[in-house]
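Okay, so chain A shows up in both of these, paired with chain B first and chain C after.
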Partner chain A sequence: MGRLLRSLRWSRPPSAAWLFLTPAVFMALLVFAYPILQILRASLLDRGRNQFVGLANYASLTDDPIAWQSIQNNFLLLAVIPVLIGSSILIASILFDHPRGWQIYRTLVFAPYVLSVVVVGIAFDQIYTGRGVLNTVLSGVGLDGFRREWLGDPHTALASVMAVIIWREVGFGVTLFLARLTTASTDLYDAARVDGAGWFAIMRHVTVPHLRPVIAVYAASTMIGMFSWVFGYIYILTRGGPGYSTYVSEYFIYQSAFNYDSLGSAAALASVLLGIVVVAVAFQFSGQRQMGVE
Partner chain B sequence: MVLATVALVSLFPLYFTITTAFKSRVEFAKNQLGPPAAPVADNFEKVFGQPYFVKWILNSLILASVSVAVALVIAVLAAYAIARLRFRGRRILFYVIGGLMAVPVIVMIVPLYTMMVRLGLINTYFAPLIVYTGTMVPYMTFFLVGFFSQLPRETLEAGQIDGCTHAGLLRMIVVPLAAPALAAMAIVNFLWVWNELLISLVLLQQDDLRTLAVGLTVFRDRFSVNVPATAAGLVIAIIPTLTLYLIGQRYFVRGLTMGGVKGE
Partner chain C sequence: MKTDRSEPQQRAPIELQSFGRRQFLRGAGGVAITSAFGLPAILAACSNSASSSASAAATASAGATASAETSTVAPRLSGKSTFWWWGEQEAPGLEKWVGETVGLYQDAHPGVEISSVLQATESLMPGFKAAGDAKQGPDLQYMWGGISTMGFAWQGFVTPISDLIPADELAHIFPSSLSETADQGKVYALPWYIFPLHFAYNKKHFRTAGLDPESPPRSWNDFLVAVDKLKAAGITPWGYGLKGLSGIGNFASQFNLQGLDRPIDILKPVAGTAKYTDPAYSEWMHRIKEAIDRGAFNEDVNSLDLAQGQDLFVSGEAGMNIIGQSQISGLVKALGSDTVGVMLPPKFGSGALAGKLSTTAQQLLVTSWATNPDVAADFLKFMHTPERLKAMNVASGAIPPDDRFDASGLELAQDRQILAWANTDGATNYQNFWPPQMDRENLFLAVQGLFNGQLQPDQAATQVQETLDRWRDKNQDQVKQLSDWAASAG
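And now, the complex of A and B:
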């Protein structure tokens, strides 16, 4: 049968495949390839004179403290990764024991991920303000000293944004890990229990090793996310402020290109971002391949 | 204990937004946390009374449904070719598509804006439709390839023996078999477009053409001091999202985890 199928496949002209692929390739060229080439080109040009200036745009980027601040903030955002992974593992493993009503909890935990960043951002903005609920609650429990404009204070603004990111995205990790756990053999868990392993030992020797490949993929994709998919959070919650304390690369690119007419810096930072993503994707693929081998 | 805390934390912002939407401004000033003592619907009237609010909902609906439908057709064709046909460069193409999924919109958005201005498509539906469709195609294709390559060979072989062309196989056998995967892709991507901010912010800069997501930010600035009215706007935006999620939860979770977890 296999041979029959193969011969049938070969008997079709190879162009059938390309006919099916044409619309997808056309869209990819239009929306990805052409813009990427344009941005790389723009990063090497002086916009006004439309002249090749080599790496001058990149050089002026390194002299720009706001650009540095933006990139630094992207790195600080990476701090959400261990928190997301830790809490996702914890919640997923509790749900995996199927306590009463676990499906309801699963639905609840995932719900924030379905809401748009805009909705979530505006709601949290209202919660975080000076006269907002968070401060009301803090006063209510006698922690008056902690009252503040959470998003208006440069010391807490970025951390407050991170809290929103964690709140919205933890459900995705939980769902991913729960799906992976259901592929674990129950024998392993039974054996561990028979051996008298406690909750912590099971977590450490059974659950986490089984999750490891998914954790790697999740960490890589969250890393890509923290570098290049946080525009919405920043745009809604802080607009990069106060001052430049919550600027991130995406917001820098957006502002440089559309509000400050400095296309060169925008293009240079966009190219750097693209480079980071390419490297991260390469890592992710090699991780996934390892996972496939297992 | 942990679960109860998690549920409470997950729910609180939702609870806060929904209860606030039914409070008068006077009540909200006195009572932020409790349920509304005297529920009012004024806030919703005010929201719908805003110019273009209904138009924004309509814009989002049109953009999301059209782009998802077009992208699905394109992705099904491409995924069938990659999963079921042999040709040179098949593996490389698959990896390129997987890589494109991760390329952030911010990298492309400036040239896309310039392109749309030159084509005269800025501030028309076409600009975001093209960009949404294009960005969804790699994602959908990548996941559908995984699904199509798991389809039982025997069924497809039977079809081929009966003299079906590839187009016939696709329409009569593959698409019906893949219906759950297609539903998953449609739901996940519909919500993605519905919630998307950057593309519509840049490509649609006229008040009447905004999507609901961008409109809400305009609206928030307009009502910055009126928290209950803003909350009412959020509630209206949440309703379709949560409805779709609760109805299609199974598909939804599946669509999102298909890539990350082998054998799912």
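And now, the complex of A and C:
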């Protein structure tokens, strides 16, 4: 039967296949390609005169310190990826052992992910203020020297935003890894224990290898997120400040397009951002293939 | 920005270079005579304004006023008009007033249908930009004053209001408010209500600190003495929040014109004809640093935002704050009328604007694609009838920059004081003449740098200058428009 279907498929003329594919291809182009092409087009125009200016908008980005700072901050945000993956695996492994009340812990860990970024942002905005809970706790345990204006100090603002991202997003990673772990054979774990493997050895030689495909997907999606999905956090928590210390590409694009009427610059950075994400994801999947991760 | 000054010319241009009321009146001519027939109706409205609620009686009388005015001033109007507006966010109660005013106007003009749409803060500018690009959307549009309105006017989105509304009508508006959208002899928008920014101080705290609560500091030195005394009394002298940058414009507006004689002169360093490092522009940064070093501000100033900083005043923790006039009634409710004092910014500069009340007028404009500009303009005039002005203030606390508004009816002494300052001692907010990008990407950051210790005043001024230079190189079109604008002001 399978052979018959294959022969039927290959015996049809390509034009018929294209005929059936055309609506889907058209929709895909409309939904994905058209907006991207429009952005690329806008990046080559002077908004005011609506004239073609070649790569002038891209050139202006190169000597714009804010654009550079924005991209740099996006790359700095990538530091959350290993933290997210590591903590998600750790928590998932602990929960996988079903400690007493594990369902409650699982719910608690996942709960922040259910909250909207706005709610999380407002909550942490309060926690981080000079007289907020964090500083109060630090004072309470005798760590006055660590009191900071967490979001008001350019040296700690981005790290503080990262901490919020990790707090909210880790639940999703835990859920993903827990789901994957349920597919693992208990024989593997039993065999490892019989062989005298401790918790760390089991984690290294059994759990992580089994999770590798999910880790790859999670890392890729989080990486895309750190370039393209952090606007909400930045907008609520810092508006890019203090100074440009938390300015990210999305915020630059938003400000340029909607507040400064500089669509060319916004489109140029949006195109650069798209390029960065595509290249980064391609590199990552290429590396995974070389490591044998499907 | 696209320059297009080919807006429809429906009336002869009026010379408005300096926007004196005398010049308006000189240009009024026969229109004033025609309008005079409406005087009885306006007087009737004044008498009707004794009722401050939106009662049926007031509604009926206001409707009668509208009817009477239109029957004498304008021919029968008809058509649809769309009104995109903003303002409920800063003057709660305006939405009710707008709805009521639209209803009254439609009652008086059965052939007219006005659709009012309250805009979200974030979508006001991009929404109007998109409408302008498509040449469809609102006939009547709210816009912030100065450069915000003029940016759209230079793109051809706006029909000058001085082409639609007679000069004698405009002569009732405070000249400083009209000057915000004046260019090349035209006025582009009609000021709706003013948004003065000023200091509020806690009289009880002043008394506790040994200061005269009825005589707040007027000079910078007196201000520093007050800071010292409040601090010594255990009171945070000045509650403030910088995070999110939203309050830095309010803050800068109290100080950064003090070395200048005219608000529009702030355009000179923008246009490249002066340096921001000149003390006339940047001395205020030294004064702010002085206040910071003196411990004038709450310790967590960098991690609080504007509202949180203002909360310190509301909670009684801080002795002073910068607020908008529309917040006065809320403060009075929270702290008591006897506790809340208002004061002008302490004076240190040598310019004519030193120590003046910073104010801006929120503007209403008629779009260049409006299908019924006459309806839009007539509705604007109706909004400025004394009865409607009074009702607006009662509903929202907003104060119109219009001499037909009876200030004696203001309930709060603080509001009466602010209106008096606005009329005689007010200066247009610098933001009306300063590119928004050079706030968020420049001036605000310099102020933040001063507060978090990364910049000294001279470094901050140099940073502002260098960023202006870079911006100028990339925005030659805007620079040309702004230079022309400055030149048109003389």
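Assume the second predicted complex is superposed on the first by the 242 of 294 C-alpha atoms of A that agree within 3 Å, B and C clash if a C-alpha of one lies under 4 Å from a C-alpha of the other, contacts with A are read in each partner's own complex, and residues count from 1 in each chain.
The rule is simple: a contact is a pair of C-beta atoms (placed from the backbone, for glycine too) under 8 Å apart; a residue touches a chain by one contact, two chains touch by 3 or more.
Note that the coordinates shown come from a computational prediction; the quantities given were computed from them, not determined experimentally.
Visitor: See if chain A has more residues touched by chain B or by chain C, and give me that chain.
Guide: Residues of chain A touched, chain B against chain C: more for B.
Visitor: Thinking of the overlay built on chain A, is A:I94 touched by chain B (first), by chain C (second), by both, or by neither?
Guide: A:I94 contacts chain B only, not chain C.
Visitor: After lining up the shared chain so the two structures overlap, which partner does A:F258 touch, if you call chain B first and chain C second: first, second, both or neither?
Guide: both
Visitor: Applying the document's definition of touch, where does A:L151 land relative to chain B and chain C: first, second, both, or neither?
Guide: second
Visitor: Quick one: classify A:T238 as touching chain B (first), chain C (second), both or neither.
Guide: second
Visitor: A:W18 contacts which: chain B (first), chain C (second), both, neither?
Guide: A:W18 sits against chain B, while chain C stays out of touch.
Visitor: So which bits of chain A does chain B touch that chain C touches too?
Guide: 125, 132, 257-258
Visitor: Using the touch rule from the top, collect the residues of chain B that touch chain A in their complex.
Guide: So the residues of chain B touching chain A come out as 2-3, 6-7, 9-11, 13-14, 16-17, 20, 32-33, 73-75, 77-78, 80-82, 85-88, 90, 93, 95, 97-100, 102-104, 106-115, 130-131, 133-135, 137-138, 141, 153-154, 156-157, 160, 166, 191, 194-195, 197-198, 201-202, 213-214, 216-217, 220, 227, 230-231, 234, 237-238, 241-242, 244-246, 249, 252-253, 256-257, 260-264.
Visitor: Note which residues of chain A are touching chain B in the complex, please.
Guide: By the definition above, chain A touches chain B via 1, 4-5, 8-10, 12, 14, 16-18, 20-21, 23-25, 27-28, 30-32, 34-36, 38-39, 42, 90-91, 94-95, 99, 105, 107-112, 114-120, 122-127, 132-133, 136-137, 167, 171-172, 175-176, 179-180, 183, 214, 217-218, 221, 224, 227-229, 231-232, 235-236, 249-250, 253-254, 257-258, 263, 266-267, 270-271, 273-274, 277-278, 280-281, 284-285, 291-292.
Visitor: Per the contact definition, I'd like the list of chain C residues that touch chain A in the complex.
Guide: The contact residues of chain C facing chain A are 1-3, 122, 125-126, 129, 151, 242-246, 298-305, 308, 436-437, 440-441, 445, 448-449, 452, 454, 470, 474, 477.
Visitor: So in the complex, which bits of chain A are touching chain C?
Guide: Residues 48-50, 60, 63, 66, 125, 128-132, 149-154, 238-239, 241-244, 255, 257-262.
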